[in-house]
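Labels run A, B and C following the written order; every chain starts at residue 1.
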């Protein structure tokens, strides 16, 4: 008795369906969106959100949660708009230090067995403070090269779409396909048996956190590329959006069950929800609310499918 | 000496020691000229953190994974709707409070309904809920700044016997919370659930009922805080709750409540709230900018959790 | 025979001792595993089988004793040393990562599977092994483990243990490998074990199904109370002599058991047959009912279901019908942050509160004092933390917690695990006294002596009740026979 769809496929199916339905509704309401510029406009802001979502997903892979994602991305945006633009070498050093800080955070959380929520909460103040120190008032300027990349217009397919697909493919390869990603997910699934097979859990955690920092840094840089300037509060919403994106994309808080492709789709869905409402001529007041509602509906659907599946298994 | 030693073992004492130290350092720097003003300001602003902090503490006591991310949205919505309802009319102050509380109850029910029906972790349930509540607040507010009734504005900004009125409100509610936690069956139940939800269920504790009440309690306290804060600051603003998300968690942690759950601490919330405000004003007095203040706050939170953490290695 | 003196043993454990608190899990065990033999390891629950397995696979360092690998003493024997010497273990609890696919789990177990094409190589290895052990298994190695049935997971775990990547596999420990496999799969596995042994590998084989042990092993080691009590060639045992060797020595405690006539009485608790199989469950007032059978055959689940179905999760009635004494104290028993008194009174708080749910402090203190004296909790002050007590005394507190409630039925989930004999005797006396007063006790125990104290016993096998024994029929022999009855089918 073999099932046609594995539970992982179902997990991916719901977000993909939600995105498709949302996209079709948008096209139906506003056929002009079905164009190169239209798509670019719809999905432009999704690139940094998708990157931040992947970063959050990595942290969730090892059963932790990062409440400092928003302030960290803001901090990186400030660094990118100032140091990285004016003195690239110093900028890169700062970014490297940020990655090291994340790895150290992972080690600290593991060694002292601390709740990741509280440690990252503290770090969110630190990143926020550093961002304010760098840019007390909105300003700075995006480095030319990143600006050029973000506004470039490749033939046929808009940049936003190409970038999203690239993010999905690269992170899928890294986390789902590589032999390194297997260990990371194994730590989330059953840390004890991974340890029993002779792996160092500390090193795995440090690597996960460092990798998450890399993705978050890319998120900050790409955000600055879109907005041209930065400020210390530019990405505060990313903390909640990134968590929501991972969950929407089929990830779970515990057990190392994550899906990079799903996470990118989740981020796209959240971005699209806002535009969808404006096409419906519903006031933008409800944009955040719509994101919440989509989250609830998708979670409800998933629960329903899981129930059905379990009943099938028992039968 | 033994009494001193016993005092030193209380987890809340350190937040008070820290608050007093910072207070003294600030006073010394200004040569004593700001004593009254600083103390009153500290009590006023701490009062708001205390209100949301107590609610968050009840939720965190329920154990790992329990956290209410909906607090800021609830504050904003309750403040906005209550002020709109009262519409500068002094006679509607009490009904306005009831409206705010009703909003808290509704949000609390919604939160636990999501947790239970969708079987999702509280953190994501309250997160989705906060999106919806925040949107409702934006929609109700429409960017207008409605003034509070004059008597209410006066009450929230003035002092009695040299102590801010809002601090009295916080004191009354803190005493109630303390009694609830230490002296009632309900208090025992939430502490038991926080230590081990399975053991609690097997000891005959109505786990769902208790958690349900706790989420309502947290939302109601947030709503009352929103009502007072909106009146205090002369009108509800859409971002008025935003800094209280992290603040509510921070004061609970610094106040000595176990992050792993099961052990809560009301006095510590007072010490932590005063401390958080006083650190900011001390750094202000010394001329430090907002950036340094934030960094210090973050480092303090991490230092506290590193020192206090690892006590309960079985739970995460 | 295989024990030629010139060949070195794969593993040689001599005089290993391990104790957890007051309980001696291993009390001087010596065990030698030669290349090319299958050693059967049998014994009751708590006999020390799992502990010796943990010592051999490096997960547990014995407090004294030495371990030799291939004839040389390994000074710091650990998981790494064990793996480097080709020791692999299939654990009783499934130790795969459920979120990973079968291929990925193979990768976790084998460090050297890296680089381009690791997936293909891992798939080839695990597929070949599965085909070799379980021909026609039908497992898709690309599907996540959580999608597999329990039996399929067990098959994957076995195949992973036998598969060879860098180091040769020399000794495989199979801890109850057939418990979740059906008869034909079990036969395939046992046949493979013989092939593996014939090619020079060694196997330690643990099973409760004596037939398997007898047919598969070259040599059988019987353990009891942390010691090896018998060790002979398999051919010298039969099922009867094996049961006799495992059986407890303490016997013939003659307590006159009264079979209370239950006809026409209203039962206090009832439960339908579990999952529609086996016998229904009934409990009458004043009875002590034992739940017996091999460990982990659904007794705890039956108790928990009984409890959950009769207590509310939303509202708490003033008069609970059932109360529960936990066996796994750390998991669902004690509240570690609390005092003894708070741990004791928690189940009876509604009886200790006045209007509005305010606690009655003097009442609580009096209750604590009364129970402290009645069951002799050894502490100067009930306000001391619960964790300051020894395990046995913590267990007494849990008993007092349950007995302090007015509930007419007490459910007990193997509560005497790891409790010293003196405490046990005290608790038995209290149980008898309470039963005389009309309380009902439903008692799951893994210790035969305790089950034999009961008035009536339900024997479990594979999640269902397979036999009911009453009064004088409650004997070790009858219970053992009933436990194996279902399993052999």
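Operating definition for what follows: a residue touches a chain if its C-beta (ideal position, glycine included) is under 8 Å from a C-beta of that chain, and two chains touch if they have at least 3 such contacts.
Small disclaimer: the values here were computed from a predicted structure and weren't measured.
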Chain pair whose interface holds the most contacting C-beta pairs: A-B
Farthest chain (mean CA position) relative to chain B: C
Between chain C and chain B, distance of the C-alpha-averaged centres to the nearest whole Å: 46
Intercentroid distance (Cα basis), chain B paired with chain A, Å: 29
In the complex, chain C residues that touch chain B: 304, 307-308, 311-316, 320, 323-324, 326, 330-338, 342, 346-347, 349-350, 353, 356-359, 401, 405
Residue numbers on chain A that touch chain C, as the complex places them: 2-3, 6-8, 177, 179, 182-183, 185-186, 188-190, 192-194, 196-199, 255-257
Of all residues in chain B, those that touch chain A in their complex: 64-65, 67, 69, 114, 117-121, 123-124, 127-132, 134-136, 138-139, 142, 242, 246, 249-250, 253, 259-260, 289-302, 305-306, 309-310, 313, 316
Of all residues in chain B, those that touch chain C in their complex: 183-186, 188-189, 191-192, 195-196, 198-209, 212, 258, 262-263, 312, 314
Partner chain B, residues of chain A touching it in the complex: 63, 65, 67, 108, 112-115, 117-119, 121-134, 136, 236, 240, 243-244, 247, 253, 283, 285-293, 295-296, 299-300, 303
